[in-house]
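A short worksheet on the structure shown next.
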Amino acid sequence: MLLRFFLMGLDRKAGIVLAILAILAVAVPVMTLWVPADSPFHLSVFTVSLLGKYLCFALLALALDLVWGYCGILSLGHAAFFAIGGYAMGMYLMRQIGPRGVYGNPVLPDFMVFLNWKELPWYWLGFDQFWFAALMVLVVPGALAFAFGWFAFRSRVTGVYLSIITQALTFALLLAFFRNDMGFGGNNGLTDFKDILGHDIQADGTRVALFVATVAALAFSYMIASGVIASKLGKVLVALRDAESRVRFIGYDTESYKLFAWTLSACMAGVAGALYVPQVGIINPSEFAPASSIEAVIWVAVGGRGTLAGAILGAVLVNMGKSYFTGALPELWLFALGGLFVLVTLFLPKGLLGLWGQLAAKLPGRRKQPGLSEARNSDAQAAGQKGM
Amino acid sequence: MRRALRWLMAVCVVVATSTAAFAADLRPIVQSLGSGGYSGTEKALEQLSEAGDPAAVPVIEALQAGDLQVRKSDNAVVIARKAGDAFALTDPLSGADLGQAAAADLTRIRINNSLRRAISATLGALTLMSPDAGVRRSAADAVFKSRDANALATLETAIAKEQDKGVRAAMEQARAAVLLTGAAAATMPDADVQAAVDTLAARGDRDALVLLNMVAASGASEATKKSAASAIATVEQKLALWGALQNLWYGLSLGSVLLLAAIGLAVTFGVMGVINMAHGEMVMIGAYTTFLVQEFFRAHAPGLFDLSILVALPAAFIVSGGVGIIIERSVIRWLYGRPLETLLATWGLSLALQQAVRSIFGPTNREVGAPSWMSGAFELGGLTITYGRLWIVVFAFAVFAALLAALKRTWFGLSIRAVTQNRPMANAMGIRTARVDALTFGLGSGIAGLAGVALSQIDNVSPNLGQGYILDSFMVVVFGGVGNLWGTLVGALTLGTMNKFLEPYAGAVLGKILVLVFIILFIQRRPRGLFALKGRAVEA
Amino acid sequence: MSADSTLLYLDGVSVSFDGFRALNNLSLVMLPGEMRAIIGPNGAGKTTMMDVITGKTRPDRGTILFEGRTDLTRLREAAIANLGIGRKFQRPTVFEPHTVWDNLELALKAPRRPLKTLTYAINGTDRDRIEEILAITRLSALRDRQAGGLSHGQKQWLEIGMLLAQDPKLLLVDEPVAGMTDAETEQTAELLCSIAGRHSVIVVEHDMTFVRALGVKVTVLAEGSVLAEGSLDSVSANAQVIDTYLGR
Amino acid sequence: MRTTKLTSSLGIGALAGLAMGALATLATPAQAADDTIKVGILHSLSGTMAISETTLKDVMLMLIDEQNKKGGLLGKKLEPVVVDPASNWPLFAEKARELISKDKVSAVFGCWTSVSRKSVLPVFEELNNILFYPVQYEGEESSRNVFYTGAAPNQQAVPAVDYLMQKEKVQRWVLAGTDYVYPRTTNKILEAYLKSKGVKAEDIMINYTPFGHSDWQSIVADIKKFGSAGKKTAVVSTINGDANVPFYKELGNQGVKAEDIPVVAFSVGEEELAGIDTKPLLGHLAAWNYFQSVETPANAEFIKEWKAYTKNDKRVTNDPMEAHYIGFNMWVKAVEAAGTTEPDKVIDAMVGVSVPNLTGGYSAMLPNHHITKPVLIGEVQENGQFDVVSKTPGLVPGDEWSDYLPDSKDLIADWRKPMSCGNFNVKTGKCGGKGS
């Protein structure tokens, strides 16, 4: 049955995406580890971690697109789930440092030692086990999303109201994690990791392995997401995105559908965060910043909302642009990035993949893909406005 | 100059004997102010205080103002005031003109905090007999603060002569403070202690509380201690009440800041449905406009600096509004009906605007000064109200009222409402909807610019200014109910007050978290904010 | 009349919005298999009545019972729909990004819980049923067309088809023939009549020809309560009805 | 969207440009240009920290420019490589990696916040490069690859408190800070220090606020309340960044005068004061190792060059700028001594290097990679400058492991061979912290 579920989501587009990911998963390790450094086909480890970071963001964008593109829930707080997943992984990595911290305390992380903590707080227990941390990567964001969504959807909080309270959620978490009393390292967050699963986190092999794990997670999540979308549940989601009350009147409990997508999406975001942390080497409360969530929305919009491949494309391209411009035009990159967002919204309302669709539609003999023409109406309703 | 004259008079009135004789005695002390570094100056000041001669007042005032300098050529202590490129010198005691000197020929007698403290104490003791009731009053307050035993004798004389009731009360409180903290306090007769307790109980503030506590812990008689204890209880009760009122005021003040920040958004977001992430940058532009206006005043009309804010208000409205209109015409107008896409585009604009300001003005803070009528504070009962905050509260309500009137009473407001409610119909009736859109957006942005003028008075003027307010503004608008100005008003005040009442108990960080959690929960109860529109129209 | 034998039982239902009384002490009884036409001027409370029955609006006061036992005022929309109450909106609302087939598949009577739909695979019976409805609604040729691309009339038909797919016990139909040609109106009337008997139907309509074609009992609403009830001819003769609605 | 079709080509063009640019980052041309020595500058030019860090980028460019005018280093020109980590901590690590492995810089001058330093630290250790960190910080760290040219707590906080205790006779203390690690640690150290001097717990009030806190009404009122208990009270402020301006404005408005309740700050320098009307703040204090108002020939020269370089007569100088000045000169001297820019050799050559600072003395690099500095206490003047009211008689060596924290008092760092250890425990005689 599971197999059928995954096969259901495999259309031509999914095939392309999965093929590209498969090529990445094979080519990158080969080009990094076995191609000699002076060859033009050699990839540096720096590039690998950079790519790994982009793909983590791509997974976050994919998760966001699932709720925004297919279910009409504009989350401006998805980075919170990402960051929580990251913290769960970070806590595991902190525990792995063991007595190699600067104070040599075998149990307490350094930041607890110099703030005079005497023992490990209860919520840190268990994080020395990888399986437990991995479980928490899914469970904590999922549970938070479930609780938040259960209240919000049941109370029929929609549109802008929902978006703004997701901002409130992530901002509240930002402030909470900033507090040193919370026991998550305050503003410095968690850093100075040494090992993951017994392997040196800085070693080339580990970095490549983390990259491959990220590709795998992305591919797997992509299959889940496209399976969900292709299922009848996915059709219900798209239906409720555009005409929620109509879906209710034919007997679907839309709240639980939204809750399902929302929680699934939060779990994916958590996984993205968990893979992100060992690759960038730090997790700190600024990941909760409201701006991070908005940026994630922008990746999706740039790539093309409502197309899973578009979300991935957007995340990778925007972040590549950011990497490039912060080095090449350090004083001007915000103009470039800001300008890009304006241009995309003005000229490519359906994102890059939408543009591709438009071009394809112009070619004779090809019919337009089922699009998102109605998404805008729901946006308009979301703002509680009519006729504007 | 006026002050100096006044002091000349004071000296004439109070000191019956020859001023010259005193001056002669003071001269070596004044001379020693300029040697021995901080401690030397402090010692000399102490001697001046002991001498108790009001003739020293101008010298000490010059020292306080940083005008007392040492002439390098002969080490003479002189009063040097800036006169063009050089300094005009006068004799500190006689006031005789000593010609001019260049800055390089003088060394300023530097003062530090402990000297500043000693200066106010000494000045307090020496000016108790001033003919000006205001000066006497502040002298009494200075003595109350310094509890300078040297001043006791003068204080007694001054109290005996004092006609003004308020000043006398202040002097008596000062005397009580000096007596209770002095060396003789332990052996003071009980009746005197009791009198001091009564005086302080009447004063009834935190400073009095400290002294009363000293009495309660001292070796005074049981009866006195008891009356001190009951006075303490009364004072504490009173202070608690004022404390609550103070919190209320802080809440109102924070609420009005939130209101100012949010009210422009209530127009662009609430009325037009544009999720304007660049709203904060409109506020920032208003603040920078204030900076530019002030720079202009500083350069060209320093005397009129106090008016700069008043000029900045229309300027900021026009500049921010103008930027808003440009944004509307170039970007927003293509995006009507797609509010979530306005979010993306305006986010991009906000990044670009921040960087633009950073490139033009630099990344560091710019100084926006406060006009004199917005500086300082006054006491209202047990409340300390700062003028700056008071004006911001007044201003916030004025802007709110003006906006409300504009929307309800003017033809422009009517057009806005017509266009937002039914665009095709408005169009059909001959309203130029495109122009109304642009002007509405300009209005919202202009109001944000006005907020920028106010915020420049209490916050940094830096490229990041707007970022700090954007989230709060959205919270306020959503909490109050989108599209409802009254909701914005009530929302801002509620959140502000709540924040300020939570802060003393939970701390600033946790307080803010609690407010956010409250908003999240509140929206569950009322999914469309405080002042939601009810009825069928909502679900349509 | 005892509530037990009724399909739908409304008693003393009142709703007000911001002081405006949309329903005022409304009472109405529907029997199983009955078809009823509801007419009334704008603002008489017709749509609000449907909202109240389907759970979209909560009444301030009053009783609404389904099949004599289920209190509808406590249930949410989806639960009410699953009891067997289907609704067609005044403005046709179909799921525009989906194909005609998918629209019907979504409406088709089947388990409605998320996990069930996640693993749902269409079977022969369901396929036949959709085919059948496509045939009834004359949309067979358009089955793969996106619903957003249909004409107004086709959307109306699709929505009726979706109602049929739901297989409800009670159908609430709001102005089904608005914007239809005469021929289409006629077909719709036929269709609705053929449904009645197996299902109960409440039709809200302004089009008197259509109401006449249905030939069923008519309830006239005005200002939120029942003004008159009976055959179309008898209510047409009612002086009050003429005053408030039909006009002289 | 009637413009879509007309202008979509424009959009495509823009995006194509972006994509090209992005791909260019991935291709890693091994730029082995041997004719220059590259120096990385890792300071935020955008985001919240730009306000402080941009100046440091400018000062580094000036220093490199001057060195090149003097003929460069080892016969080669120095080439600055500027990147923008955008106040984003993971981006700091990414940019550090980019500077070292892609641009092949010989040393990096950068970071401001502790978290940015923590973020890049593993990168520098892994890729074995050198970071010069110019800001006062909480201590409790010593890395072989990092040279700390800012003040450790004992070079700023403790002398400031001593001054207040002795000269201002302060008995009651408000420790107010932003809630992050520097204030937390500094306040911990100060609390322990004050208690060791006999200050009672009820005479210490600790208050933390979020970053960018802008409404200080209640806190200033609380400070006034705490200060009216009959004992001389002072505020030790570790409030960071943007929050200072509203804090000082509120202090001024509520009439908290330095004579009554002095505020001594560790994060407020000339740059921060430039945004405030300082008249009401006369006499409030700051503790640094450098003030612009210090009258020495070296400083006068530095200020002149700075104003000429920035073409702005109003630009001020501050303590972290001096730290970069010292750090850069030390690096130049060490490279010259080692005869190479190879990090291992330079790191070894750094310890013991001594260069003039701007306050009229010499600063030396200690084996723990901290430097010796004088400690100055200044009072705010009306012109936005500080008047130095106290200066330590000698130089204070930076102490990385505070003696006032129970877990670090036994630790020392010494990067000379053979010890070569950042957390040597003098009690157990082992490298590696407290050990188990």
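Which chain is which? They are A, B, C and D, in the order written, and residues in each are numbered from 1.
We adopt the following convention: contacts are C-beta pairs under 8 Å (C-beta built on N, C-alpha and C of every residue); 3 or more make two chains touch, one makes a residue touch a chain.
Small disclaimer: the values here were computed from a predicted structure and weren't measured.
Placing every chain at the mean of its C-alpha atoms, the farthest one from chain B is found to be C.
Two chain pairs are in question, A-D and A-B; the one with more C-beta pairs in contact is A-D. Rounded to whole angstrom units, the spacing between the C-alpha centres of chain B and chain C is 66.
Centre-to-centre separation between chain A and chain D, using Cα means, comes to 34 Å. Rounded to whole angstrom, the centroid-to-centroid distance between chain C and chain D, based on C-alpha atoms, equals 72 Å.
Separating the centre of chain A from that of chain B, both taken as means of CA atoms, is a distance of 45 Å.
Among the residues of chain A, those in touch with two or more other chains are 175, 178-179, 245, 331, 334, 339-340, 344, 346, 349.
Shown for chain D are the residues that touch two or more other chains, namely 1, 3, 45-46, 179, 208, 210.
The multi-chain contact residues of chain C, meaning those touching 2 or more other chains, are 56. Note for the complex: chain B touches chain A at residues 272-273, 275, 277, 331, 334-345, 347-356, 359, 420-424, 467, 471, 474-475, 478, 482-483, 509-510, 512-513, 516-517, 519-521, 523-525, 527-529, 538-540. Those residues of chain A whose C-beta lies close enough to touch chain B in the complex are 74, 148, 151-152, 154-158, 160-161, 163-165, 167-169, 171-172, 175-176, 178-179, 245, 290-291, 294, 297-298, 301, 331-332, 334-335, 337-342, 344-346, 349, 376, 379-380, 382-388. Every residue of chain A that touches chain C in the complex is listed here, in rising order: 1, 4-5, 228, 231-233, 235-236, 238-239, 242-243, 245-254, 256-257, 260, 370-374. Of all residues in chain A, only 38, 43-47, 49-51, 53, 99-106, 110-111, 113-116, 175, 178-180, 185-189, 191-193, 202, 280-282, 284, 286, 317, 320-321, 323-328, 330-331, 333-334, 336, 339-340, 343-344, 346-349, 352, 355, 358 touch chain D in the complex they form. Residues 54, 56, 76-79, 81-82, 86-87, 89, 93-98, 102, 105-107, 112-114, 117-121, 146, 148, 162, 166 of chain C touch chain A in their complex.
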